[in-house]
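There are structures below to look over.
Both complexes below contain chain A, partnered by chain B and then by chain C.
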Partner chain A sequence: MTIIMKKPLLSAAVLLLAAALCVVSLASDFRAMQEREPIYPGPGVTSVRMLSDWFPGIYGTPGDTEVYILEGKKPGSAMLVLGGTHANEPSGMLAATLLVENAQPEEGTLYVITHTNQTGFTCTDPQEAAPMRFTIDTPAGPRWFRYGSRASNPIYQWPDPEIYVHASSGQQLSGSETRNLNRAYPGRPDGTLTEKIAYAITELIRTEKIAVEVDLHEASPEYPTINAIVAHENAMGLASDSLINMQLEGMDISLEPSPKNLHGLSHREIGDFTDAYALLMETSNPAQGRLRGRTDEHLVVTGQDKFYLKAFGYGRLYVPYDENGHPISQRVARHVTGIAAFANSYTEMNLGGERGGINLGTLPGYEELESDIGPYLCPKA
Partner chain B sequence: MQIECIVFFVMLGVFLLGNFLLKLPVSLSMVAGAVAGALAAGDGIPLRHLFEGTFVYLDTVLIIATAMIFMTVVQEAGTLDALAEVIVSRFYKVPAVMLVLLMIIVMFPGMVTGSSTASVLSAGAIVAPILLLMGLPAPTAGAFLAIGAVLGMAAPPVNIPAMLITGGVDMPYIGFEGPLFTLTIGSGVIAALFLGLRHCRNLDYRVIGRELDHETGKKYGLKLYLPLVLLICLMLACRLFPNVVPTLGMPLIFLISAAVGCFTGRRFPIAASIREAMRTTVPVLGKLMGVGMFIQVMTLTGVRGFIVDSCLGLPAALLYLAICTVMPAFGAVSSYGSASVLGVPFMLALLSTGNQTVIAASLAFIVCMGDLMPPTALAGNYAAQIVKERYSKVLPQCAVPVLVCILMGLAFLLNSGSLGFLVP
Partner chain C sequence: MLYLYLGIILFLLVLIVWNMMTEKNLMVQIDAALVIVPLVLRLLLIK
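Then we have the complex of A and B:
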């Protein structure tokens, strides 16, 4: 300290130089998050469009993202799957990717967005210490994916207000929720970037007459709404029927009604503002929980954590938890099985009427995926 | 002993060693603690995490820096002197009422912005000279400001810890006005009278009048108050009409108001005053950066999970004890962090014990006390700086009011079921 007091200019110069070196050496790490992981569209993909096609207001912005369209052999109703709304909930993005690379619909059209909030994948959340990437082992070798932030990248939307006021309801939330896509629906054409992305998705649903919309999420094991479907009141019949089919496949899952006074969420606003059956699925991700121990790639992929094991022992969790954890293959399996069940129930209940049903073709079953998702996420040449 | 426990003690040990034995600034001691923790956990020197952790306080740093500029401007321009003269000459005959009014003035910016820093740096600067004139010793006056600031942060309509807790359990932030208003106004009145009344029972205006500046107010008139009025108007406009008024952000609001203040009162050397304001602020900003690194390493190494898990494993009675002690203590690192990291799991643990809105409000109220906990102690540090006193002298004066606040919060938690009538 004496040196600093005696030679302030020299000290300042040394510190500035050290800071500059840190910034330069770290820049490549942070910039690497801008690189998008490759997605390999499978034989079922008939076209790839950009979300800005439905709302040009996000054209050329970091919020624009690919929409994969899988048209079935027979015309029918349309279904939209949203993965990667929250980039720190990776099983949604992986399940959507798995659909893009493997699904071959027989009837109807499947729209899939793998990175719904694309900007969330370009940064991590300060103080969460999350890894920037994780890898899935496949028969063709390891494949990397980004692990990002729950919210839009503040580089593109800053500063946050102290209080976030949801535009159409006036509901107040903490200012940091301003960048949470799943608090921004139905969105605004002249709002923030996050609100514009939400608006673009709502426009896609309206324009393409999407019949079923499924938003894929994860939550921490101590959170009450977990391993669950959350359904808008209009979609409760569809969700109940699907639930029974999922339980028959061996999945332990519950059904929650979408709260009427909690605004901005997809299952509430898309249900209220469009004709789609709005559904949301939650799986259990210990890597985003508050009780987790060491935060690293191993935790993201295996979902194994000793503190969660202890917390289950004294009854603080809302899901069963043992030393096997909640591996990502199991979480992806839950999402894919759920999506298939929604499509099947929609068709069986004849909810599409003259428009026809939705048949996603043959998808890998729950047990198959639970044991290993690697074979379904093989990188292709 | 678990590795996370060892890492925690290494982090704390190196921090204390650096701060107390080597007399390093708190900021550098926090950095040293974070690096030592990462090394002990086998993570080497995780440059990315040290860098990233600081960013959580970027907005706070900008608010503090600009608020300090604003405060310096209104002090130098004579606005505060004039305001003190007006308030004292109107209310000196009823000191109890004056104390309560001053407490509400200190709380007001925090009520609107949810920030104790905004309270202490704006209204605190106005009220401090009045309290000193009324005869409160500097440490007591500092405690008055610090308590008022955290109560303002907790008071409705904006309580950010409550928003963070409700956001974590998907509960709407609705119906909090009743419980938060009762808790904060009740505590505010008690704290104001407890801290102030014994020092100013018999105010002699002839004595304190000599200390007041009677000239500046007369010379510049109402325009002297323009920066304050503008500050309040901009804060309210952004809050009340969010769809009409663009989000300016607190830093810009403070800067605009400060710029106006440069031309509405006494002339003063602007550049030199701002430089001096920044010089006194930098240590606190550095402290925040150090804390950011410290928390990020705690999360990386699993220490954060170890602390949360240890608290949640406690039996019911000890769980309430942990709520009253660990949650405010975690505020030494960050109150918002405490609300998110500890408040949400505690909320989940108590969900079925009574009225959920009252429970969340009580937890958020207790969390706010964390803004008085060293080493960050944003409210306390700035209150001490305003009354030109060391924080170590101000902190003991806060002890009784904080204890009363925590006990009130605990009483609300334990009786949340029967207090449901406070929620419309």
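Then we have the complex of A and C:
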């Protein structure tokens, strides 16, 4: 089609102005993805450092992230909790945030990273139609949190190779796994951004002599390793004892050994390359499953999905599922209860010896959190 | 490498804007305006 303009300069100027408006609108929309939700450090937080303090190679990069340190009243062993390794598994980040805002350790030191792969919180996974954020109702009003991607933001690490070769083992995986932090351990100081983040965490564990490391995850209800602890062989005793205590609290959970031939995962490499007891927890998140229907905030928060209800009826799920779904309160409750149980078992089994135990103080119990996490995530003034 | 990349984008942008100013067909001008949007975002390293 041809429309000849008598005053082409005028139409060009109008179109340029329209293009400029589009640029401003799109740019501000895209920049908003970088906005971080506020975290309100509680009375137990004694200092906040950056992960780059343990590996300056990530200083000033989008991979740098806050490390919250909660020193107990009494010296003891150290524990590290990793939330937000995968930003599309929100209960890990929420459980870590809840610890930062509520825990007051009595003995030992608790290190918490709420956004372990910070760049994953600045984008969502392509073709998943996932929401950018979700809201938790608290007594002080709604509070928003970011829902992100399983992998590092490709803006900061691109292109992916055809095949991802894990550096220390030579294991080959799909190219997209090159941006998966939980396939990058123990990391490399001269590797990709994701490998550098993994290396910084490994350095933190070595330098601070972390005794227990817990990586918080979620998986889809049709995935076999779910509502489970995955433990390195060195940590099986600790995990077994903790599991009994969790079950006594009314929480159904299983224990899986860390596969020896699957490399790059925290429970394998941190157990192999450091002295820490390496543990990982999985809860059930229908919002990341393959069988889900509409993917929105409601699904993220309630875990209610009619297609998963059908799938359960056909016996396709590894966890019980009814019309109540798998609410995020329940998933956070599982993580927090697990962390408390690991600390208690570590102390009861005297695994710290002369260094002492880990006592995280009084944390809300499983049933209390399962009914509502809102009161423990109140925005502070 | 980054500056070479930015230089190519800037060169393309100048050509497209020049073409837009001198073109009399409105449809071609609209095409040019559409192409300008992603190029400016890349030039600013935003998207």
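Just so we're on the same page, the second predicted complex is superposed on the first by the 354 of 381 C-alpha atoms of A that agree within 3 Å, B and C clash if a C-alpha of one lies under 4 Å from a C-alpha of the other, contacts with A are read in each partner's own complex, and residues count from 1 in each chain.
Simple rule for what comes next: contacts are C-beta pairs under 8 Å (C-beta built on N, C-alpha and C of every residue); 3 or more make two chains touch, one makes a residue touch a chain.
Just so you know, these numbers come straight off a predicted model, no measurement behind them.
Engineer: Who wins on chain A residues touched, chain B or chain C?
Structural biologist: Of chain B and chain C, B contacts more residues of chain A.
Engineer: Looking at the overlay, what does A:50 touch: chain B (first), chain C (second), both, or neither?
Structural biologist: neither
Engineer: Could you look at A:236 and tell me whether it touches chain B, chain C, both or neither (first, second, both, neither)?
Structural biologist: Touch partners of A:236: none, neither chain B nor chain C.
Engineer: Name the contact category of A:26: first (chain B only), second (chain C only), both, or neither.
Structural biologist: A:26 sits against chain B and chain C alike.
Engineer: Taking the superposition as given, does A:261 touch the first partner, chain B, the second, chain C, both, or neither?
Structural biologist: First partner only, chain B.
Engineer: Look at A:18 in the shared chain and tell me whether it touches chain B only, chain C only, both, or neither; answer first, second, both or neither.
Structural biologist: Second partner only.
Engineer: If we overlay the two complexes on their shared chain A, which of chain B and chain C does A:293 touch? Say first, second, both or neither.
Structural biologist: In the superposition, A:293 touches chain B alone.
Engineer: Could you tell me if A:378 is touching chain B, chain C, both of them or neither one (first, second, both, neither)?
Structural biologist: Neither partner.
Engineer: Contact-wise, after the overlay, does A:167 reach chain B, chain C, both or neither (first, second, both, neither)?
Structural biologist: Only chain B is touched by A:167; chain C is not.
Engineer: Once the structures are superposed on A, label A:223 by its partner contacts, choosing first (chain B), second (chain C), both or neither.
Structural biologist: The first partner, chain B, only.
Engineer: Overlap of the chain B and chain C footprints on chain A, residue-wise?
Structural biologist: 1, 22-23, 26, 30
Engineer: Could you please specify the touching residues of chain A with respect to chain C in the complex?
Structural biologist: The contact residues of chain A facing chain C are 1-5, 8-9, 11-12, 15-16, 18-20, 22-23, 26-27, 30-31.
Engineer: Which residues of chain B touch chain A once you look at their complex with the stated criterion?
Structural biologist: 4, 23-25, 41, 47-49, 51-56, 59, 62, 113-115, 157-158, 160, 163-164, 167-174, 238-239, 242-243, 247, 249-251, 292, 295-297, 299-302, 304-306, 308-309, 312-313, 337, 340-342, 344-345, 348-349, 351
Engineer: Help me check something: in the complex, which residues belonging to chain A touch chain B?
Structural biologist: 1, 22-23, 25-26, 29-30, 124, 126-129, 159-163, 165, 167, 171-175, 177, 222-225, 259, 261-263, 290-296, 305, 307, 310-311, 314, 316
Engineer: Can you tell me which positions in chain C touch chain A when the two form their complex?
Structural biologist: My answer: residues 17, 20-27, 29-30, 32-34, 36-37, 40-41, 44, 46-47.
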